[in-house]
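By letter and in written order, the chains are A, B, C and D; residue numbering begins at 1 in each of them.
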Amino acid sequence: MRLKSATLLFIATSIICLSFMQGGKKKVIFFGDSITELGVKKGGYIDLLNNRINNNGQTNQFELLGAGIGGNKIYDLYLRLEKDVLNKAPNVVVIWVGVNDVWHKSMMGTGTDYDKFGLFYDAVVQKIQAKGAQVILVTPAVIGERYDQSNPQDGELNLYSNWIRKYAAEKNLALVDCRKLFLDYSAKNNPKQVDKGILTYDRVHLNDAGNQLVADAMWEAIK
Amino acid sequence: MRLKSATLLFIATSIICLSFMQGGKKKVIFFGDSITELGVKKGGYIDLLNNRINNNGQTNQFELLGAGIGGNKIYDLYLRLEKDVLNKAPNVVVIWVGVNDVWHKSMMGTGTDYDKFGLFYDAVVQKIQAKGAQVILVTPAVIGERYDQSNPQDGELNLYSNWIRKYAAEKNLALVDCRKLFLDYSAKNNPKQVDKGILTYDRVHLNDAGNQLVADAMWEAIK
Amino acid sequence: MRLKSATLLFIATSIICLSFMQGGKKKVIFFGDSITELGVKKGGYIDLLNNRINNNGQTNQFELLGAGIGGNKIYDLYLRLEKDVLNKAPNVVVIWVGVNDVWHKSMMGTGTDYDKFGLFYDAVVQKIQAKGAQVILVTPAVIGERYDQSNPQDGELNLYSNWIRKYAAEKNLALVDCRKLFLDYSAKNNPKQVDKGILTYDRVHLNDAGNQLVADAMWEAIK
Amino acid sequence: MRLKSATLLFIATSIICLSFMQGGKKKVIFFGDSITELGVKKGGYIDLLNNRINNNGQTNQFELLGAGIGGNKIYDLYLRLEKDVLNKAPNVVVIWVGVNDVWHKSMMGTGTDYDKFGLFYDAVVQKIQAKGAQVILVTPAVIGERYDQSNPQDGELNLYSNWIRKYAAEKNLALVDCRKLFLDYSAKNNPKQVDKGILTYDRVHLNDAGNQLVADAMWEAIK
């Protein structure tokens, strides 16, 4: 009897210890562009997620890291994947990219070909999965907030988002469909079809409402 | 008395004759880009309109002229307006432009700024109206035939088409809304969301069904 | 006799007065883009020209007006020619444009086609000449200050400048060849092939040395 | 004793045979874009090299493989490096790329950022070297054959070529400077400054003279 109790105690303690050491904190890395780079600032979506985690008393369960760099496209993420993400041994990687792949076509002539977008995206996902981390995909939200499909990059944002949605479905990956969330929100809250000031302050980067919307959606995916 | 009657008769006859000779034929000039350039070829939408006029026995009522040049944008139309249109004293000018204004942005870096598109468009319309001719506006149809707004230029085609619609309404001008017609047709006839082969053979230029759809719509506007 | 003398005196006086009122000041309008818009600010090239005129005691001989608007291309100049230039009855118009016609190709997809550049340029010149004013042409200087032809837009700046040079020669118009001046200056003063900081502060807009170089060259053309 | 001698003879013969079969031929892979894809056709530069090798009686010393695909940019080469090059165990890899990295900026908005060009280029070179193969670099030749630096992409071709030259020097890699060869040839043989027909038939792809010039230069590098 005593032996048995001791054994059970040992096992139980071990489990607790192990869970504390390894699984106690879920390390989530947000991997993306300027939107994510700004996300770690006060009031940014990652900051809001941290506040929520604090308020929930879950600080020992989550560690959130921002890995966003302004102007990044999918192949920038590919090129810095090891250094900025894999070397940090994340449990979850949230990939939010696509705005610059589309936008840089007209802005500087160096957007990403549609087919290359998929090839590099898939390569990034496979490398993360090879390290045993979970991947969460996010569609690019908006470049301009009119919901009537008359923002100049709407066609391409829809095209690239459709690819991400299809890829997520095929690979059975979690998806935060920010593009859909933003368009639905605009349809309800943007009666004058303005192109900024609803969820962004400049057509692309999140204002307070935008950060809150994204934080809420991300929370559902990572909690 | 007799002289007076004869004079009146002569005047009346002259008026009828003159109206028959000069005003009897409505001269319609289709002013546009490669889609209109191809429109005068056998099976093209202008050719189909001529067939219809022939079949209706209305050859003495209409004269249709094509004035389309491949690659033209709104300021190309502006630059050749006198030479190719006004000098021919049309009764009606159908302006169908916009595809290249949008497409050339990504294809060669020389698309038309949104605000300049409006300025030159308005200048073209005013110059035609100053000559006493009627103006019929046409929205750019498609660059890619998917109807889910995922063709790369959909956002801009919608934006520029919205401008034309609004301008037509404000100026009380006839409008053939090809963009709407094409999207509606695709929604009914393109279940697989292919991007060509429905109303175009190459995402932009009209196939037989496209020429027929356009000819029918144009007929309603010019008849 | 007396009457005749009085009449002659009156005529002579009138001519002198008129010439003083009208022709006494040479009105020079600088017509261009942001470089010219900044030219009227303190230390800008037009401001430096005014200082020179003041120091020369020639304030009753020259009136300099800036008509530069940021982002302007040749067809922007065309569109606002009457309002901003011709309505002000200039004696001389200095046309300095071309940087945005080239730059906007890669920056926003709305640069100016090479052939349209020439067509609108010629139209602007002809309209100015039709009003009896003298035209002075200026080549676009630089987008990047390396002199080894490795700035991304060098090929196009050379191409468009060649057009202006050839056109000036054919039409016998005065030319201030800023592109040549800037490249020659860089060859002498830019041993490290830096791409800004020699005559510009940002690869395009003039620093103090740039404003002085331009003011000196403009002076030779307008004095 | 006899047995031993026979064995030694067998081993020696085997070694000679194997070295003849495997190592006797230097396997050279030409890795690039459409210019290289066309290079294997009759009269193409790789075909001319094979003719030369045949005429020299060196067919047992060289094996030339073309691995060019139209439209390829540096990151296309990166993406298909294993499949199309490394898996074939080359002794030498000739990398000729850059035209599309520059050209696609204005042609479809998906050129390669200057800094990414270098990052992917270096990654390709390092992967090839890691397999023990020799690397030969080639600068992009021309997009337009005027030698006065007025072809639209001259600035960028010079910029990207400068990078390749500097990289080759730093890494002590063989370089075939096609850009310099083509410009020098044009300066001597293109008195009218035409933009095609000297070494290319369409401003980019090689005509007979172009293939011969390239074949001669490549031969010096691989022989």
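We adopt the following convention: contacts are C-beta pairs under 8 Å (C-beta built on N, C-alpha and C of every residue); 3 or more make two chains touch, one makes a residue touch a chain.
Just so it is clear, the structure is predicted and the values come from calculations on it, not from any experiment.
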The chains touching both chain A and chain C are B, D
For the pair chain A and chain B, the C-alpha centroid-to-centroid distance in angstrom is 47
Distance between the CA centroids of chain A and chain D (whole Å) is 41
Please list all residues of chain D that touch 2 or more other chains.
-> 105-106, 108-109
Just say which it is for the chain contacts: an open line, a closed ring, a star, complete, or other.
-> complete
Residue ranges of chain D touching chain A (in the complex, touch as defined) | 75-76, 79, 104-106, 108-113, 116, 119-120
Taking the complex as given, what residues does chain A use to touch chain C?
-> 105-109
Mind listing the chain C positions that touch chain D in their complex?
-> 105-106, 109, 144, 148-159, 162
